[in-house]
Amino acid sequence: MPSLFINSVEIEVQPKENIVQAARRAGVEIPHYCWHPDLSVVASCRMCLVEAGTKKDDGTVAMQPRLVPACQTPATPNTVVVTDSPKVKSSQAQTLEYLLLNHPLDCSICDQAGECYLQDYTYQFGKAESRLDEPKVQRQDKYYIGEQIALFTDRCVMCTRCVRFTREYSGTAELFVTSRGSVEEIEVLPGQPCDNKLAGNVVDLCPVGALCSKDFLYKKRVWWLKSADSVCQLCSTGCSITVDQSESKVERVRPRENPQAQGSFMCDDGRFGWKFAHSENRIRAPRIGRASHGQVASPQLTTIGAPTNAVEQYSMSVNQSTPLATATVSDLTFADPWPGLINHLQSVLKQSAQDHPTKTLAVFSPFMTCEEAYLLADYLKKTNPKITLAMGPVPVVGEDDTYPKGPKGQSPAAEKTRFTIRAEKAPNRLGVEAVLQHFQKSIVNDEQWLSSMELNPFETVLVVGNSPAEWLNDETVSKLRRAGKLIVVDILENNLTHAADVVIPGVSFVEKEGTVVNHAGLAQTFHPAIRCSDGTRPDVRTYMELSGRSGLYHGPTIRAEMASVIPAFAAFETGELGELGKRVFS
Amino acid sequence: MNEAFEPVLLRRRGVAGSQTLAYYQQDGGYNGLQKALKMTPAEVIKVVSDSGLRGRGGAGFHTGSKWGFLPKNYEGPIYLCVNGDESEPGTFNNRILIEEDPHQLLEGIAIASYATGASVAYLYLRYEYGQCYRTLEKAIEEMYANNLLGKNILGSNFSLDVYLVRGACAYICGEETGLIESLEGKRAWPRIKPPFPAIEGAFRRPTVVNNIETLACVTHILDKGPEWFMSMGVPKDPNNPRDPGSYGPKLYCVSGHVNNPGLFELPLGITARELIEKHAGGVWKGRKVKAVVPGGISMGFLSADELDTPLDFAGPGKAGCLGLGTAAVIVIDDQTSMVDVLYNNCRFFAHESCGQCTPCREGTAWSSKILRRIRDGHGKMSDLKTLEDISNTIGIMPGTTICGLADGAAWPIKNALKKFRPEFEEYISKGQKTEMREALAAH
Amino acid sequence: MTTENKKKTVRFAEPPKIGLSEALYLPAIAAGIATTVRHMFHKNQTRQYPEVEPDIPKNYRGVHRLNRDDQGRVKCVACFMCQTACPANCIEIEATGTDKNDPTWADRDKFPKTFVIDELRCIYCGMCEEACPVDAIELTSIYDLTGMTRQEMIFDKEKLLSVFDETVQSGKDPVRTVRGQLGPASERLSS
Amino acid sequence: MTIDWNFLWPLGAAMVIVLGFVPVAGLYMTFIERKLAAYVQDRVGPNRVGPLGLFQSIADGIKIFLKEQVIPSHVHKSVYLFAPTIGLMCAMLSIAVVPYGPANAEPGPGFRAIIAPGVDIGILFLLAISSLSAYGIILGGWASNNKYSLFGATRACAQFISYEIPIGLSLLGIIAMTGSLNIEKLVAAQGDGIVNWNFWWQPLAALIFFVAALAESNRLPFDLSECEQELVGGFHTEYSGIKFVLFALAEYTHLVTVSFLTVLLFFGGWHFPGLTGPVDATVAGFLIRWVVLAVKVSLVVAFIMQLRWTLPRFRYDQLMGLAWKGLIPLGILNLLGLVIVLTFDASRWWMTILSVAILVLSGMANVTMAQKRIQRKAASRMAMETQYS
Amino acid sequence: MSALSPEIREKIISYYGRYPNKQAITLPALHMVQEAYNCVSREAINEIADLLELNPTQVVDTMTFYGFFRDEHHPLGKKRVWVCRSLSCMLRGGDELLAEVCDRLHLRPGQTTPDGEMTLELAECLGACDGAPCILINDELQLKVGVEEVLALAKPQGGSKS
């Protein structure tokens, strides 16, 4: 295998790699600003200059007299790279001095501070002081760059990553460089702000604090953020993301590089789509009885389920919308509604399965994780195999939105597409379908069960929602309402939860763990970033307790079990899918 | 030998009607092209190669070799770009060449295109040369009319189109890849090399970029043969195998503090002193030389002691300058402050830096700021050290930047500080000031 | 560490030779008694505190204050450095951007919407002052901080600014920074 | 049965004086101790309450008596409550045989400055009772059901047992010399001039007695049973309020007793050169002698307090070592010397000479041992140096 | 209403064949527009971009690189006079010439006289160092000029208009 040498570390050559990438594999960091693996190479920041040469067959090394930019030099066999010679070090220090020459010393109010390449590299490679005597050049901040983007002009190092991104990746080309030399700036045309659906990525791309997200601006210093690997669940692309939180509040979401899923970037729908997790409208406690009618608990239900007093008390306080603050300490301490709720649900479902198994329907949501779907389906089918498991509506909005766009906003040809925002706005249709396929043998879609609701209504219906948007129209709700008992699992209050007999709070994806399968059959595990919102708990736990499984939920164990039960999920065998996920079906 | 020298390139200067095709053909024009068309392209390249012609644009690269780098049997168009963006302060030879004798250049273009296989030649002319633009437009029209351009030139299989492109006042367009980018309608940010233009140039095709004076020489080499060309200039240094020698006639632009500024065609290798004393009429007002720019301001300075440096491709380098450059000699008399000269220099480069590479963008602006402060009387001795450091880091270390502009900006600083340091020190220590009038101060 | 250094860091002292007087202990005890008795007749060093106020040194670390800049605005730029440096977690800041249409804030980007210090939790280590890049937070010489409730010991931004007004006016606690302008972090704003 | 009021009223008066004096003395002794400490440390001490802070002790007393009576839930309640009273009781009882003012060797009618005059086994009674006071500490520590308290109690136990012996040995010498156990007689024997003070004949015994008595009374540097740094208060960790006061009072009573004994047994009691004749010949003479006694006792008390601010606390092994390896052998040697002198009926000055000689010789022996110890340490130091280099 | 006259559109379209791609026509198109209208307006940019199948920002990007082109807020006067300040010209009094002209006309380099007659610009080098100090009137060189000659250009003349 041909190899190359980075600071005398020998590593194997891999195709289409440059020296920066090769060095990274060898554990050597070559500083760079303008280079990004997904953008074209301009080699203009001059930060990555290294000494390079070739090792000849006779073992001698011929070094080039000049420094070469590592980002532009392909890592070819027998290349010898030196990144720590005095020459390279002084070049790096000098370049940093130039970069910092007019860079304001406002790290203290800069959102990038803490994850800033200028800071990091200055610390690692730079000098302690600047010799500039003259006042630094100051430029006007540009808050108009985009709906979500502000440009702090004098922090810019002119790496042009953002410009190249809008030209090469989103194709919308809103950003450009204006004028030349030391007075050049990043700019947008008046009336054409950078508001495309991928615009948020330029903030991530900016290696310094020039481009900032207005949504996150001044909210938190980054060193207080704790991150969790997650997967965006707002369309079926399933972008790998990192959720940054502080004190159990999500502060921002960043794309996580995953060549199998989406690449390095994500769309703004997903970037700002987590906010429903902190919505006022969250369901924060289970309840029995219909909120819309102000009923505490229907007498009929109490006779069947005999819920504990705690549940009644709790649901009462919720239904009368008593603010939690006025509740006494003892209420809060002792009124754990969950055990009573689980008992109640178990008896309702058991009764229903005994009395009219064919009249019992469970509607699964494409927002469920594979594990949730599996646990619920498994439980219901074990209660009575005649219970119908059906697929809920899969939201589809418009058409797939592909990038890079042409100059007139036209979509690119399929082979030139670099990023797609899917029309299917649910993360796990494939995964849930695979579970249902196994347990039900065929997929009952929403048209089918809705029509039967009309003709021959089901007696007991369990509906899982968990969609971040209002997802059922009033007509559908009224159809569902014809069921004798309507049990709803959902995150946000909506027309369905108002109509339900039993409401079980679900949690958003930033609060739970699970696996989703994206449009291409790639299964990825996501992890909880924050604690469950007060009063709620992960759906899987509810399903675990419903089914009477003992112990705590452990994702890998359940996944391994799924692999043994459902052949479609054979890839789940070890229970671990790795950071980048595994392709389960194509 | 110099006294006997008959100008070749400037032979038709000052002759009425010299711009017309009729005059040119009657004066023996297009012989070279006809000769060339009878040879194979490879033979033409060999002839040019044998003549030892080196690019007149500044870098002094061997023209024959440059043409030889093009891929053989390339499918698709190859382009020739003619670099008429002559913006180096002090240089004006192209203007006179075109204004006086456009066909000499166009013949060279045709020969070069034939040799390299280029089907289209773009003549990138700087905006300031409006007269030249119109002269060339007319000349090209005449050529199309006489089957010297267009399809099947002079009955051969060779077809060529020449298009004129006007620049827009940017020095960096004189850099070959900057020129290509500008030609493509983008900002003239020089490209990273490799790939060199010969492999991937204009419109991602193999491209040859040549200077106007170089192409004018090609015309005569083909006409008179390589031996004629090699009979002039400075031969190879036998002790230095890497020295390709400096052959042929060269247009020397002389400006600044001389009695008789102008353009002089002389064989390569004339000394600066001879050029100033004999040809340019000596320093004006009876003053003495303080410094001489050997070839455009990015080359650095020769001090008065170094006037005997031969102005060939190797000479200025031996005297600590960057090179011969465009052979634009600017003479500075002993009453002029080097601080002002250097400030003018640095300001120029700060203004013309394209802003792509960090060291050049920030370094040129910084050095001009420092010199501005020194001129305002607030200089410090440590400024000289800072200036030296800037000059050493933006350009002197090869590879620091994408193109050579930073080197050009660095050498004058380095030279000035090395050769005229006492003057700078005195300027600072005495708190001297150069008055700057308000209108200029703002820029 | 090399052995050379080890030798230098570990020092061996010769134990003093014991004589008869040491062995008998009594002389040593007598000497001790003599010392203590001698001290009984020394001038005492105590100050009668409430009657005689102490002379607080300039670097005393007492109650915090938030400095104002020359335009009377809070100097703090809400960089959270003090909050980060605080070992007792007693500082809580909420930052906000300035209103760009408000001319009084035109030259500033960010300032604290709220700035709360829990003086009860504070250990008066002065790290916040050390960390502050714009010299906005300072510890004053106020040492006799008392209160009847915990709530009144939690100082908000207004209270901290009023401490500044009070201490600066009284002349007891001049602003310690001689620069008289914002610190290096706001350099871009100043000139 | 008829009551002999002539016999009873002096007894009653003496008891009233003692009972009144002891708590007040306890309170003010804390005040004096604090003041002393302040002076030693260049401070002023309590000066807020009343003139010169004199009412500080009263304020403290009121405060401590009004404090909440905390009884921890985990203690053995009856023993816990009983223990401090044992302590104080023993301390008070031992005072019964100690003349707190000038008293005739032969008890007669009228007021006497002693509760129980003419007790022929006075010293024995004293030793017996003061040994009992260990019960207060041991029971208190045990009943607290706290490991630190128990540690304190155990330490106190061992300490008491150890230091009983040197006390006994040192007192034996005086008893043998005087031939009586009656304290008044022991004092009376020192009557004629300053050279008759036992201290001059028995300096070593005086030293041993003083040191051991200090240890018996749990004073610094021997308060290992309550040292705050190791045992957070030791046996009285769980005590507060009045119960704690009882312990404290017992300690101060002990202190007073020890001071009285030291003065009475070794420093001539109320005798002073120039004061001759019977004690109760005149009221003035009686009072002068009382003042003399009071001054002497005060000096000893002050000395003991001074010691507290001078010497650091012993290590526990050092404490035991001092008793068993120091004081007991010395006491035996001293007794031996005394017996020899008495047997040969030699001049009493021989006793002084022998005492001092024993002390010096023991010191020299100590020097030799110390040198050996140093040599051992040097050897181990050499080993360490080789290890480091 | 189109910002570009049909002739210019025509001319731009006629350039299509000269280059392998349309972006290359950016510079010639900008030249044509500026020559015709003394500035390149935002609408003109949009139309050029439309003709060349580019995004307007790409045209603006190129345009702003060369300080040569003016937007609609800074149109040129009838004559555009460049005064050279290269080293050669500086040595022979170029700076003084420029400063004097500025003072007399109360202009700063880059500004236009109030009557719109002349725009004064400074140039880095005009390529006429043999005739220093030199100026460029539109694109015609004039060598060895004095203050008065430049000032004369600022006066309205019934002469040439380019």
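In order of appearance the chains are A, B, C, D and E, and numbering begins at 1 in each one.
By our rule, a contact is a pair of C-beta atoms (placed from the backbone, for glycine too) under 8 Å apart; a residue touches a chain by one contact, two chains touch by 3 or more.
The shown structure was predicted, so the numbers you read here are calculated from the model rather than taken from an experiment.
Peer 1: Drop chain D from the picture, leave everything else in place, and list the groups of chains that still touch each other.
Peer 2: Remove chain D in thought and everything remains one piece.
Peer 1: Which neighbours does chain A have in common with chain C?
Peer 2: Shared contacts of chain A and chain C: no chain.
Peer 1: Centre to centre, using CA atoms, which chain is the farthest one from chain C?
Peer 2: B
Peer 1: Of every pair of chains, which is linked by the largest number of C-beta contacts?
Peer 2: Result: the chain pair B-E has the most contacts.
Peer 1: List the centre-to-centre spacing of chain C and chain D in whole Å, with centres computed as mean CA coordinates.
Peer 2: So the centre of chain C lies 49 Å away from the centre of chain D.
Peer 1: Express in whole angstrom the distance between the two chain centres, defined as the mean CA positions of chain C and chain E.
Peer 2: 64
Peer 1: Counting in whole Å, what is the centre-to-centre distance of chain B and chain C, each centre being its mean C-alpha position?
Peer 2: 67
Peer 1: What whole-Å value do you get for the distance between chain D and chain E if each is reduced to the mean of its CA atoms?
Peer 2: Between these chains, centre-to-centre, one finds 112 Å.
Peer 1: Would you pick out the residues of chain E that each touch at least 2 other chains?
Peer 2: Residues 58, 61, 65-67 of chain E touch two or more partner chains.
Peer 1: Of all residues in chain C, which are in touch with two or more distinct other chains?
Peer 2: none
Peer 1: For chain A, jot down the residues that touch at least 2 other chains.
Peer 2: 177, 179-180, in rising order.
Peer 1: Following the definition at the start, I'd like every touching pair of chains, please.
Peer 2: According to the stated criterion, the contacting chain pairs are A-B, A-C, A-E, B-E, C-D.
Peer 1: Along chain B, where are the residues that touch chain A in the complex?
Peer 2: Listed in rising order, the residues of chain B that touch chain A are 170, 187, 189, 192, 350-359, 361-366, 369-370, 373, 380, 382-383, 386, 389, 393-394, 397-402.
Peer 1: Going by the contact rule set out above, which residues of chain E touch chain B in the complex?
Peer 2: It is residues 18-21, 23-28, 30-31, 52, 58, 61-62, 65-69, 82, 85-88, 90-92, 95-96, 98-99, 102-103, 107-109, 122-132, 136, 138-141 of chain E that touch chain B.
Peer 1: Residue numbers of chain C touching chain D in their complex, please.
Peer 2: Residues in contact with chain D: 3, 6-7, 10, 12, 15, 17-20, 22-24, 26, 29, 32-33, 35-37, 39-46.
Peer 1: Going by the contact rule at the top, pick out the chain A residues touching chain B in the complex.
Peer 2: It is residues 41-47, 49, 64-69, 72, 87, 90-91, 94-95, 98-99, 101-102, 131-134, 157-158, 177, 179-184 of chain A that touch chain B.
Peer 1: Per the contact definition, I'd like the list of chain A residues that touch chain C in the complex.
Peer 2: Within the complex, chain A contacts chain C at residues 104-109, 113, 135-136, 138, 141, 143, 152, 154, 217-219, 221, 223-224.
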